[in-house]
Every structure is written in C-alpha cells, then in structure tokens.
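Heads up, the next two complexes both have chain A, just with different partners, chain B and then chain C.
Let's look at the complex of A and B:
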C-alpha cells in the first residue's frame, strides 16, 4: 500500500519526447495517437529576432495529475473511475459507459478515448504494466535522459520523492481548483 | 408449473388493466388516413424523411462508432447532447404546463393537461432515442448505474430521475385517460417534482464543472427550469395550433392568452438573467470566463438564440398584450428554433476554452478556441429524433383522446 506521486524537474526537459515513446510502447498506446497518457507542452520563444525572450521558451511535461480530489472520479456515474489501493486514479473499462463527463470535468485535459476498448483512459502510473510486474519505476521516468521525473511513495518519508519535495520548492497545476494533484513541478 | 401459472396470471391481469385504459383501436390504414392538405402531406413527408435519416445515421454510427461524429477529445459533447437536452427540456416544460391544470388546479389550463402530459412522454422518449447513440455503452449504463451507482455524479441523478419521471408521467397519463383525477393529481405532483429534480440535475451536470468557469455555478440548474417552462409554453401553442388549425374555440383561446401572458413574464425574466449572466461573466476579465463570454457575443448561434428564442416571441406577446394567439403560434415555431440554438450554445460554449493551452506538436499553433462542426451522421440522428417525436405524437393523437373530457 503506497501513495504514489511524481515530481517533475521540468526545467530539465529537453522535449525529446522519449517519455511519450516509452509510454506508448509500455502501455500499448496506438501509434499516431496524440496526447494519449502523456505529452510535453511547449511555449515558443516570444519576441522578434534579435530581441528574443529566451526565458519565455519552456517545456512542460504533463499527464494525468493523479489528483487526491479528482473531479473525474467525482463525476463518474458508474464508479468506472476509482482510486486504487495506491491512490492512483484508474478506469475500470468494463464499467465505463463512455458518457465523456470525465473528459469534460478534468481540468488538465488528461483523458482520452482509447480506440481499443472504446472507453475513456488515462495515465495510470504504469499500474497495469510495470508496477504490476513488480517494478518501481514508470516508463516515462525510466527512459528520461535528463532525469526530469522522480516517481515514488509520498507516504514514505525516506523515499526520493519525499526528500525532493521537502528540499525543493514546487507547485501544482491549477492548484486553485482544489484537486490536490500528486504531480509536483519543482522550481 | 406453479410459476408458469403465476406468470400467466400476471400477464392476464396486465392485459385486463390495459384493456381498461380508454383508447381507440387503430390500424396502419388509420395512421395513413389524414386530411391530404399540402401542409399535412409536407409534414408527413418530412417525418418519413427524418425517420429514414435516423436509420441511416444510426447505421453509420453502429459501423464507425464515434468516428462518425464530429466530437473530439477537446469537444467530447456534441450535437446529440444538445438535441437530448432540447428534448428533455421540452418534456419537463410540457410537464409543467400539463401540471398547471391537473396538479395546481388552474381550471383554464385543464384543457391542455392530457395533451401536454402525453407530449412530455413522447419528447423524453425521443430524447432517450437520441442519447442512446451518444452514450458509448448504453446497455452497460443500465447495468452499472444500478450495481455501482455514482451518487456524487449529476449524470447519475439526472439519468435515474428522468427514468423515474418517465414512469410517473406514464402513470399520470393513464389516470388522466381513465379520468381518475385524484390519482392523476398525486402522480402528476410526484412526476413534476421528480422531473424538476431531474432537470435541475441536468443543469447541474454543467454547473458542477468547476474547471469550466463559463458554466460553473448556480445559473444552469435554475435557468434550466425557467427555460423548460418557456419551452413547454411554446410547444403548447404549437400543439394547440395544429390541433385546432388556428381556429381556436373560446376556452382554448382563453387558455392560450393566459399562457402567452405567463410566457411574456418568463421571457422578460430570462432576458434579465441572460444579461446579468453575460455581464458578471465579462466583468473583471477573469481568464476562462470573461474571454469566453466575449467570444460568445461574437458568435451567430448566440444571437440566433436571443433573437428567435427570446426577442421575436417576446415582441409578439408585447405588441398584442398576449391576445394574438395565432401570432404566438408562429412565434412559438420561431421560439423553438431559438430554443434549439440555446441548447446547442449551452453545450458548445461550455467546451469553447481549451483546458490545455500549450503547443504539443511541431508547427502546431497554440490552441485558441475549440472548434466543433456536427457531422452529417449527427445531424441525421438529430433530425431522426424529431421524426420519432412527430410520429409518436401523431400515433398518440389517433390512439388516445387527447382533448379535455367534456365533463372535465
């Protein structure tokens, strides 16, 4: 029993998209599927050459924020969306009726329709795949060349992520909505 | 064997009960036997065309799934959701209009009770026919809605309460047909309350979207009830207009004048609400609300909603102080076009603002507004819903006596 979260040292991201490829490979996401499970948001450099604002260019790796107070779980009419024993927000594809309410309710646009099961799906921290095989890393974390992601148990005070969150400033996306994400962006 | 006997007994009892419901024996020939006026022929042709659209649209959906629709990840709710809302708003509205007479005891409005309650049944059935092809797994919904109900979900409450509402409306209609006014009143009141709860929950489906600032809040759950009443009155004019070919007997005219006056008040309240909604949305420049509201003001469906759904019918009522009931028949037809845009705008505008504003692909421009165009399949199923509604209503007019009973 754990409470999994992820810290992202997002300023280290070089937008190589290795995480997207690894996620597709690990979780069987269909080729060509855009923004399924994870993606990297890009802010282009602002200004006109030669007066370019170099600091305006940034990459923001994103995915399901694994909220502790997930709007998608709250709005699901059949409890297809649920928290598993590790606090990961999961979808039971047998119960999903594809009403798409969760897609509208998720503030992070993190949900998509999986064309294989014709149900809504999302990032599950590789719960069905790597964690089920006894591994302790997610595919996106494992492949990242600049070590952007740190995945671990937030309830374990000795875990790498807990220590990182104690020692580094961090923020959550759209924190004002009270969704209490378990993805933390390190500053 | 004993079980078989019991089942047979139940079937016999049901049959005996159904036989006590006053109805006309009709055949297919009776259905085809209508005054062959150009208007009737046109409506009949249109209905058959719409039903054919429905079959083609559903066939296309069954083959291609949601790929046949214009919905996207960023805009998962499309035209079919809007049309479903259009029908269920109509149903709730007709239920309110029908309740004026047989639940609240306003004598003048008793003449429309039976017709309005029947209208509320056929409109909600049409809504269900449309939504069945928008929900990806409707059968699974029936199972898991019961086994693992999501009690914090407005969709669960809306769907479940609408199911109950339909049941109560049918029971009320049966008692109205049997002229059992006491029971009709009881079930009418329960049905009305359940219907209002269901309908405000439908508003809550949008009102609970904390991340969609343009829809979030108390506005939609209350506005849905107001616009339902308005829709019900428009439909009352349309149904009575067709029933009496615009030659209204005095008691019907009196009832319609009463409805027109109520409608004038309701439209004034609606315009007042809408004005304040837009002003509070724009004020302060809050991102995700102000920019969306300003964008809405530049879109033509919003002005179609205002012009057809509110202004034109309101001016017709105002000009004649509600006395021009023939004018209001035409005003109501225009009004229903406006109500359709109202539903479409509600669904589309909620999803206008992208939730993720960064580029994710090379050469992609940052998302600005989410675009959506209904596909041909969606349009066909939507028109099919209208065809089903007209057909069911027409069959009802042949099968039942929808006029008020003389001793009523």
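Let's look at the complex of A and C:
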C-alpha cells in the first residue's frame, strides 16, 4: 500500500520524447498520433523574427494526472475505471464498454482508445509492468535524459518525492477544478 | 479481448501515409509479399510494440547503435524477443538514460524491411532487382563476379595487383575498425573515406591544433555557456545534453545560444542570437577584440601556456576586429558582443562549447581555433567547470599482420586540400577527382559498409555517377539503403542488438570501458560483421594471393627465399588470421590481461567497467548515480604540459592562416528571391539510418521545410503545402512549415529524409533528401564537406 505520485522538474524538459517512446515500448502502447499515454505540450513561440519571446516557448511534459478525485472514475458507468490499492487510477479492460464518458470528463485529455485491448486506456504509472516486477521507477522517469520526473510514495515522508515537495515550490494543473492531481510541477 | 494490429495496418491509418499521398502505396518492394510473409519467424514479435511481462526475462547489457554517441543499456529479453531497452546505470557517459532513438532501437532490429539474406544483383544497377543467394554464393560473386559484373579477381588481375583500385567506405560504429582491417590492411587499399570528412573533421582538427585536445566539458561546475551552432537539445550527446539542461533557465548556467534558427536549445537559453550562417568567426574575433582591448583575459595563464600569444593579441587589435565591425557581418548587435565577452570573462567557470556538429562554413577550422583560444583567455581549461583533458582508459593496441603490396599505389584525393588526411581522406575530393578523370589509376571497386553516401555526401547526382562508374560495388548493411541499391552484392549484417562488439573506452573526466553484448542471436540469415569479415577474408585469401604472386616481385622473391606456405602464413597473406577468435573471447582476453579477471566479470555482467567501480559506484537518489567521487574525477591532469597555440606557423607553409583571420569572401549574402538552405538534426532522428524506424516515424512523419512566416504568407505558402526546393545541383519536394523561428532569407530542412530506395517502406519517397540539394563545396584545410553554402529557390507545387 502506497500513494503514488510524481514530481516533474519540467524546466529540464527538452522535448526529446524519450519518455513517450519508453512508455510505448514498456506498456505495448500502439503507434499512431492519437495513441499515447504521455506527451509533451509545446507552445508555438510568440513574437516576430528575430524578436522572439524565449519564455513563451515552453515544454510541458504531461500524462494522466492521477487525480485523487478523478472525474473519469466518477462518470464511468460500469466502474471500469477504479483506484487501485496504491491510489493509481486504473482501467479494467473487461468492464470497459468504450462509452467514452471518461474521455469527455477528463480535463487533461489523458484517456485514449487502445484498439488492441478495446479499452479507453490511460497511464498506469507502469503498475502492471515495472511496478509489478518490483521496480521503483516508471519507464518515463527512468529513461529521461534530463531527469524531469521523480516518482514515489507520497505517504512516505522519507521518499525523494515527499522531500522534493516539501523543499521546492510546485503547482498542479487546473488545480481549481478540485481534481486533486498527484502530478506536481516543480518551479 | 486482444486484437492483433499489424505494422501494415498501423501504416494504413498513420498520418505519414496521408501526408505523402501515393508515394508509399505504390512501393514495389525489394522483396515480394510472399517472401516477406515467409520470413515471419517466431523470433520476431507479431506487433510493433510488446508490453513487457512479469515473468522470467534476461537483461543483457548493450551499447546503443542508433547514433554515434554510444549510450549503454540493458535489453530485456522475454522468450527470445526483445521487449524493452532500458538505460544502464553503470555507464558514466550516458548516466542512466536512453533518448527516444535509443528506446526505439527495437524497431530497427525488428524492421520488416531488414536485409534478411545475401543478395546478388540480377537487374540494372539501381533497379532494385536482386536474387536471394547463399552466403557462399555471395562471397563467390564478390570474388568471381557474375555475368552482369566483374569480380575482384578479374579486376585485380587487370590492374596488375594495384590494390588501390579498391575504394572503401564505412560509417561510424564499433565494428568499423574491423572493416578497415579487412579492406585497408588485409586487402591493401589506401583509398578509404568515411563520415569524418562529411562531419566534424575541422572541429576536432582545430581544437587539437590549438589545445591538443577535443575536450569534454564539466557542466556540473560551469556557470556561463556560449553554445554556437551546436544544438544539444536536439542533437543529443551524452553526457553533455543531460548535464547542460539540468542547470539552464536560471539554475546555474547562464546560456547564450548562437544559431541562425530558433532551436530547442535556444528555447532553453537565456539569450538567443540569430547569427548569419557561416559568420560565427566574426563574432568570436570581435569578442576576442573586446577582451584584449579591455584587458579582461587571464594574462598570467596565457603568458605561461600561450604560444604566439603576443602576436595574436597584436593581430586581433591591429585588424580592428571590433564589435562594430562584426555587427553587419554576423548580424549580432555590437552591444550584445560587448556584453557577452565581458560576462564570459567575469564568470567563475565560463565555457565556449566546442561544438560537435557538421561543418557549416569554409572557415570552420579557423572558427574552432578562435573558439579554443577565446576559451583559453579565460584560463578555464584543464580544471573543474571548464574544458577537461581527463584521463581516458587506454586499451592495449591490437596487432594486425598486414601483407605489404608492392603494386599498390598511394591515395590521390588531395586536390585543393592543404593538409590531406592519409587515414580517412576527403569523400568529396575522392569522388569528384574520379568523376573528373583526375585519378592517376582506375578505381573500379567500392567496398561499403553501414554508410549511405547517396544521402550523406553533398551532391547526390555525383555520388550516383560515381557508384555507377564502378565495376563492382559491395555493401554490408542492415537495411536496403539508397546506396545499397547500387551494390552488386549485398551482405546482410546483424543489427547492434544481435551482436557482441569489440570493447571500447569512453570518457575523459569519468572514464570507463564498455562491452556491447548480443541480446539475441542474429535474425534471419544475417551475420555479425566480424564473422562476415572473417568468412570473406577466407574466401578471398588464396585466389587473390595468386594474383599478387603473378605481379608482386617482392612477394616472388620472398617465396623463393622462404617457401610459399611460410610467406603466406607469416607475412599476413592469410587474410583471415585477424579474426581467429570470436569477439567475445577476444574481449575477455584483452580485459583480463589489462585489468584482471574480476574486471572482466564485472564488464561481462554489467556492460561497464572502470577501476574501483565497485567502491565508487552508488545510487544517490532515484535519478542520479555517483560514478566517481568528486575527489577521484580527473578534472586537472595536464599540469604544465598545457599549450595554447595561438599562432601555428606550420599552417602558413600550406597557405592556411596561422592565426584566425576574417576574409570578406565569407560574408553572408543571398541573392534576391533565393534562400540559403541550412540543415540539421532532430532528437527523434539520427540520419537516413533511422527514417525507416516505425516508432520514430510516428513521432516525426516527414521532414518539413522551415520557412519564415512572413515570407511564406507573401508567397501564398501555408503549413502542409507541398513545395519544391531547388539548387544548382538538385531538387526535392517536401511540405512547408511557416515559422518565425527562421530568418526571411533562409530555409531549414531536417537531414536524412527523401529516400529513393523502394526497399524501405516507410522512408521511400517521404520528404526531401538534403544531400541531393547541397552543393559539394569543401573547406581548404582537410577537404571536408561544407554544408551551409547552398542557395535555393522555393516554389509552391
């Protein structure tokens, strides 16, 4: 039993997409532009050449925010979306009926249709792959060249993530919605 | 419920297909559909990606082969299938990371378009018509030819054993030396060309000539960075990329990015200054002027280590290389040049990033010299936070018993070059002299491996003519590249995940040796390169010895004196004797001899070894490891041996400026209505070798033409419009990407796209090939290719 979360030192991100590839290879995610559990948000730069605003060009690595109060779980009519024992928002393929309510409810656009398992799938924090094998890092964290992510147990006060969140300023995405994300962006 | 999604079905739905239209659908593949289907093997996964399991698995240490950089990883193998590549936490160079290309390596190994068995050409050259043959038949075709082409035996007989009639080329990699041993030392060809003369030759050369090293950088302790031309966020190099961007953006390293276009590196900088292409030298000279004029330099350091230092000072000041002089040349404001020069010299640990990129302008050698001297003026060399010489681990040299060919002529590719490199030559000069009939003897054979000059050497039309001119072309590779399509015999190699490679040493500051181990056995009928070298050597040795016996007087004499058998074995004519032991066994022997059996045990298990590794290596937190404790790292190793060669008189003996000097012929200008085309890399692509990788193609469907937004608007060009790009040497078609990230008189395109090989289902006909458009200009020092000197016309089609 743990309460898993992730801190993202997002200023390190160089938009190389190693995380995206590692995630797809680890979790058997299908190829195709609309099939991804993880992505990097990019703002098109502001200004007119050569006066461009460097600060307007940011890379924001993102994925399922693993909400403690997940809208996708709330709207699921078949209870296919559920919280597992570690607080990770998961999907039961057998119960999913592809109604796509969860896709509409998610404010982070983190759900997608996996054509192979016929499920509206999502990031699992590698629960059924790496964590199931006893590893303590997700594929995206482990491979990152600039080490953007730190994954860990929010309930363990000694964990690296707990220490980071105590010692660094951070924010959550769309915190005003009350979704209580377990992804934290370090500033 | 599980539904199998085949690669083909993925393709049908992919963005890539819809954007390039009919080109891919019309592909007539190198192999028939039937042959593709029959090559389905239980050793190849059924789907593109495979979810990793929780059961039994092997973890095999490998060294990545997706680019030249060499990062370490572990391959997870489940039931004989590689399901995942993970970073290796033991290698100080790659610091527990794999980039997107590294992660996508599985797709290269399992690429359905792989060369699966030996092929012999049965149609016209370039037609892609080949016949599947056995290895023995393929080797025999190289030796004896077929009715369509001549073999080595006949050619060497006709050339009276002049081994220089064989040319050869090879791309970067761990088995490169073996191929050089085979064709260079054992077969006796001096005519070797490789990636060096189309890559960073002047960067290495300029830094070596000035500081005696092409240094590493200690980014952990540096606090100011000028990065010009290099694009470390997209052309990933370890450990630089990882170390650099953890500390940019107000977190330790103030970063100034000098680049004509706004790259991802610029996005991470504090300041981005768009420089006119090819004029960085004026920028550096002007900064140097500011330093001397305001006496900001570390005078004691330069007095001690500088050679020709006073003359250089006089040279810079008397030429009046002021920021005001530089501004109209390089396009960077004088006040910015003053500020950066002052900030650099006032910083605690400033770094002018040495580079690592292809050569963009003919003054690149002088640019590198000027950069190295500018760095030295800060005194931040051979110390923490600066340029590092370090203490690389030296592996024992290997001895090759090479025969001496009396009839072999020397190489000739020296026209227009001040300092021709005997080893790797100049691709462009070698090719062009042959095309222009300036070769003193016929070059009739190209032995090629893992190299794609059709897409990497500027002016593809000339490369095509060059390859067509040969009597015999042989290619060893993993994919049917554009160049492979000109081969008469194709030998399929095992990919980097299917082979154990010779041990290598990497790193200056935190050195280590590494071994790549085969994660799986070679797929299909492919073989490891060293096995191919050995078998080919065995096949060629006796028959070619007979040719030498016929023409080589020295050999005839030796045989008379000592007997044929003795001479054959003792003097290296037994070509296969360089590969007596398999690679893994040889690695063991080398490492045990140099570092002891325990070292081998560690290396073989973990893929990495360095002295005291067990004691030094530890995990610091979930993301970071200690490789060497700080007090054991090799920050300062040169002592008083350091030299800063400001004036290099030897250069003047061949007409090269002994001190970096600006010449106005290097000024940047583009005729009205034209654009200067610049090229570069992307984090999700290396070169033409990765364009057929399904995973990477999913991330970047094609190469776009970056064109200034305002200009595009005037020309009526919108995002996704197909445009033609045309230079005096060639043309291509690709889609437009109007953006503010590039100047109005420049366009940019990614390197590596626009393949014409129908054997590459994803790469064929996708985007444009920059090599077909770039002029074949060379720089004067080594004759290396200059990439950014071509003007083009753009037209919506």
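The rule is short, and it goes like this: the second predicted complex is superposed on the first by the 184 of 187 C-alpha atoms of A that agree within 3 Å, B and C clash if a C-alpha of one lies under 4 Å from a C-alpha of the other, contacts with A are read in each partner's own complex, and residues count from 1 in each chain.
To be clear about the criterion, a residue touches a chain if its C-beta (ideal position, glycine included) is under 8 Å from a C-beta of that chain, and two chains touch if they have at least 3 such contacts.
Note that this is a predicted model, so its numbers are computed, not measured.
In the superposed pair of complexes, A:96 makes contact with chain B only, with no contact to chain C.
Of the two partner chains placed by superposition, only chain C is touched by A:132; chain B is not.
In the superposed model, A:74 lies in contact with chain B only, and not with chain C.
Once the two complexes are laid over each other on the shared chain, residue contacts for A:144 go to chain C alone; chain B is not touched.
Of the two partner chains placed by superposition, A:175 touches none, neither chain B nor chain C. Contacts of A:16 after superposition on the shared chain: chain C is touched, whereas chain B is not. Comparing chain B with chain C, the partner in contact with more residues of chain A is C. According to the touch criterion, the shared surface of chain A, contacted by chain B in one complex and chain C in the other, consists of residues 118.
Residue ranges of chain C in contact with chain A, taken from their complex: 1-5, 10, 13-15, 47-54, 83-87, 96-100, 102-104, 106, 233-234, 236, 238, 241-242, 245-246, 248-249, 251, 262, 264-272, 274, 621-624, 683-684, 694-696, 698-699, 708-710, 739-744. Contact residues on chain A toward chain B in their complex (touch as defined above): 34-35, 39-44, 60, 62, 71, 74-80, 94-101, 103-109, 111-113, 118-119, 174, 177. Put simply, chain A touches chain C in their complex at residues 11-12, 14-18, 20-22, 24-33, 45, 47-50, 52, 54, 57-59, 93, 115-118, 128-130, 132-133, 136-137, 139, 141-147, 149-152, 160. Chain B makes touch with chain A in their complex at residues 65-66, 71, 73-74, 76-77, 135-138, 140-141, 144-145, 148-150, 152-156, 159, 205, 208-212, 350-351, 354-356, 358-361, 366.
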